[in-house]
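Sharing a structure here in structure tokens format.
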Amino acid sequence: MEASSATVSGDRSALQRSPLHRLPDRVLRWGLTALAVLILALLVYFFIRLIGQSHLALSKFGFSFVFGNDWDVSRNIYHGAALVVGTLITSAIALLIGVPVAVATALFLIELCPRRARTPLSILVDLLAAVPSVVYGLWGVFVLGPKLIPVERWFANTFSFIPFLGGGGSSITPGNYFIAGLILAIMILPIVSAISREVLATVPPEHKEAALALGATRWEMIRMAILPYARPGITGGAMLGLGRAIGETIAVVLVIGDAPTIGHHIFDQGYSLAAVIANEFGEAANTPIHSSALFAAGLVLFVLTLIVNIIARWFVARGTRGMRAAGDITDAVDAATVGSGALQ
Amino acid sequence: MNGVTLHGISARRRRTDKVMRASLFAATLIALVPLVLIIYYLLYKGLKAWSGSFFTTDPNGNFFGNPGGVRSAIFGTLEIVGLATLIAVPIGICVALYLTEYGKDGPFASVVRYFVDVMTGVPSIVFGLFIYIVLVISHAGGTGFAAWKGSLALSLLMLPIVIRSAEVVLLLVPDSLREAALALGAPRWRVVTRVVLPTATPGLVTGSLLAISRGMGETAPLLFTVSLAFGLTGNLNAQMNSLPLQIFTDITNPRSVIVTRAWGAALTLVALVLILNLVARAVSRRSRMA
Amino acid sequence: MHIQAKEKTLTRSRITALTLAIAASLGVAACGSSSSSTSTTSSSGTSTTSSSSSGSATLDGAGSTLAAPIYQQWGSNLKSQGLTINYNPVGSGTGIADLQTATVTFAGSDPALKPTDTKGMKGPAFQFPVAFGAITVSYNLPGVKSGLKLDGPVLADIFSGKIKTWNDSAIKSLNPGLSLPSTAITVVHRSDSSGTTNGFTTYLSDVSPTWASSIGSGKDVKWPTGTGAAKNSGVAAAVKQTTGAVGYVEQAYALENGFTYAAVKNSAGTYVLPTISNTSAAADGVKVPADLGISTINSANPQAYPIVSQTFLVTYQDPCKEGASSSVAAGLKKFLTYAFGPGQQTLGSGSSQLPYAPLPSSLAAKDNAQLAKMTCNGSAL
């Protein structure tokens, strides 16, 4: 790859470039900055309007909106702990299942797959992003959910001694936390995989070749040379996937069981913040306290995503800081470790 | 390697290598299984709705007899998502450029990043409701429901995805490239437009495609901003049909022929996104540098 | 080097050009073949759009999902008369909210207007009863294909979880001739807020004081037992999938898809099936208040099916004051005249009629009388 034919204008050296020549630079810089400011202003305005619409419900219910457990529409009582718990559980399941599979898929496609099969297989994986959420939900509730009930029942009864993961086998329905998490995992797979693929494709060949030259097996090369380099980018992809999982509405509505209670088992019915908005807003619009409560649910989601993102970014920063400081040294140490292993 | 005896790789390491490679292959298969099942399900339920008239007639509202096709929905989706893409993709890439080239780790850039990250987690329905409150109720632009307002809601949804994925991709452009161009005397703006952007184009296309695919399948943002209209129209300042809303209306209809039309529309949506993906990849591959 | 550089920049602009070209050609194609309802906004900045040509208009509506097939069919029938009706079945609540902000010309609502609804309107609003739909108690019991009888208190106990099996003595005593299995009862209810839930729980509150005090009625209640499913189709599918399931499903849906439903005891003591004629009977003889805000739950008519929901069309008394153009107002009048007249012929139990119960003639007359009171900026429509 080479830089484009950027030539020095005339025979002036860069140091003597006139202000006129610096103008495009300035324009670009200030243009982009202005755009970023505009977008930030828009997002802040969005946040403010959201707070404004939630105010009625939040002032009435206070903290019990998030920590109380009683969502009763007919009595206009809105305490949404069950919703928060459901959102966290389903998103956690989605990440735990979806991210490893997505990264594994990306690794396979970039590192191990024969070159000719790479593009068609990539397109297939990306096709998962083309399916509308409502189709995922319907497929989940009509096909996947019922088919998996016997498996879930077996699992719940066999492992009933494990808290949360086991037990509750007697009343399993097609819609529950696990199915919702599984459907979400499938939905975030294309996002995480596509971004991971982009990241993996740009790992410098020198890192990989160094590891291989020192005698690493393919998997060791992946583990030592590729994954550490790709970690920040992959985490970025995982964060996008998490965002999708936390905020997904229609699909979750159809497969979570929609019971505003806190389930004690992974195969219990539950509810989520996004699902409740989708389920109830159509009828709530002319009841101010109800619609305000639904906006407040959106606001809680906003804050939840913020907290999770802060934690994730902190994790990544720890990793990359170490890497940037001792980047080449780490590579050398890794290669040496691999090499010494080769000589055993 | 001739004549030199190197110790081979231990059996344990060889085994680990084989197991892990098999696992990666298995994971890819696992990832593809739901796709195959869902596509099969979509075809099983929706293919029977496909016919010539399915694509060339509009829905007519008839309960009995021929309920019409989904032509206006297809055009509506293309128009609404097209406008949303025109808004979200350029702006998103520009903001990502700002974050990677100029803002970097500064405080303002960090604030922007956090907000963008959080926006990826906002449910699509909340974007629709935001536009509903701000633009629809106030009859901005002279109308209540309008297609361009739906495009705005969709672009709010797509923007964080574009920014976030573009940022990841732009960060992957090696600094050495930038420095080489600068060392050759190129001004900053040339480095950005002639070096950074072209290098990142395939990744930018991927990220934009992710956002567009997402936008095409979303119902809730359109439900409260564009509403529904069966007729074919090019007027972006009025109600317009769209595939997700057509599916939404039809899928709970008592009449099974109309429910089948909903599935046909869902299949059409997936086909549209597939075509879009293929076209965009083909166009961007021409410039792939490797 | 130059050539490659050129190619790269060309690609980005190529993508942009391609996109713009597609968008432009789509716009041209669409404009060229768009239907007669090309929309131009009227001068007073309103959402309702109209065409300046002879008597044609576009009416925008939103609201009840129960009434959606009716309005869509009427829209199709009235196209030849120049009316385009766009109806968005987003839910009764949003329909009312949209009307309150004059974002739609008319709203479809199953429940009658509450005082808070009327207060939020920009001006005086009229509600017109338009049609009726029964709420069936559909169930899935392989051995019992017909003849199941249930009464109010038993239904309340089933849906509150007090009665757990089909061969419970309470059900047996109502059905001495049937052999009921010991299958467990799985209750299926709506997970989304809906007017159907409102109708069903209103009935249960009417017939069971325990239900009224512990659970109450509303578009969404805290169900003590059972699984939730989204929309009629979700409940219907859940009932079909689970042996021993029972749920409440709209009549149109149950009739179109061949469901098995129970006969329910009405206020006169008769066990009635949810047929169209029994549904119409519920509207006959019900008390009609001055604002036409009727309720057909637990009707006193001895032939009536007891769980019947009405659906209203709500609009402003003077649409023009809220921004509608005169042609839209005229179109609205044409629409409403059709709705209470020839439109009613499209509803009924005939093979080409929509499976809803039409208005009894006395009620249609009251609707027409109220329609006559509508104005456009003070003068009669």
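We call the chains A, B and C, going by the order they appear; numbering starts again at 1 in every chain.
Heads up, the rule we're going with is that contacts are C-beta pairs under 8 Å (C-beta built on N, C-alpha and C of every residue); 3 or more make two chains touch, one makes a residue touch a chain.
The shown structure was predicted, so the numbers you read here are calculated from the model rather than taken from an experiment.
The interface with the largest number of contacting C-beta pairs joins chains A-B. Chain-level centrality, scored on Cα centres against the all-protein Cα centre, points to B. Among the other chains, the CA centroid farthest from that of chain A is the one of C.
Spacing of chain B relative to chain C, judged by their CA centroids, is 33 angstrom.
Each chain gets a centre from the mean of its Cα atoms; for chain A and chain B, those two points are 15 Å apart. Work out the mean CA point of chain A and of chain C, and you get 38 Å between them. Looking at chain B, residues 194, 198, 251, 289 sit in touch with two or more other chains.
The multi-chain contact residues of chain A, meaning those touching 2 or more other chains, are 2, 4, 278, 281.
Those residues of chain C in touch with two or more other chains are numbered 5, 8, 90, 94, 98.
Across the complex, chain C is touched by residues 2, 4-5, 71-75, 141-142, 146, 173-175, 253-254, 257-260, 269, 278-288, 291 of chain A.
Residue ranges on chain B touching chain A, taken from their complex, read 6-7, 9-10, 13-14, 16-17, 20-21, 23-25, 27-28, 30-32, 34-35, 37-39, 41-42, 91, 94-95, 97-99, 101-103, 108-109, 111-112, 114-126, 129-130, 133-134, 156, 159-161, 163-165, 167-169, 171-172, 174, 177, 180-181, 184-192, 194-195, 198-199, 202-203, 206-207, 209-210, 213-214, 216-220, 244, 247-248, 251, 266, 269-270, 273-274, 277-278, 281, 289. Partner chain B is touched in their complex by these residues of chain A: 1-4, 6-8, 13-14, 17, 21-22, 24-25, 27-29, 31-33, 35-36, 39-40, 42-44, 46-47, 49-50, 53, 100-102, 104-105, 107-109, 111-113, 119, 121, 123-136, 138-139, 143-144, 186, 189-191, 193-195, 197-199, 202, 204, 215, 217-220, 222, 232-233, 236-237, 239-240, 242-244, 246-250, 273-274, 277-278, 281, 295, 298, 301-302, 304-306, 308-310, 313, 341-344.
Of all residues in chain C, those touching chain B in their complex are 5, 7-12, 14-15, 18-20, 22-23, 26-31, 33-35, 37-39, 41, 45-49, 60, 62, 65, 68-69, 72-76, 79, 84-90, 94, 98, 101-104, 231-233, 250, 252-253, 255-257, 323, 352, 354-355.
Per the touch definition, chain C reaches chain A in the complex via residues 1-2, 5, 8, 90-94, 96-98, 100, 116-117, 120, 191-195, 201, 215-222, 227-230, 234, 237-238, 241.
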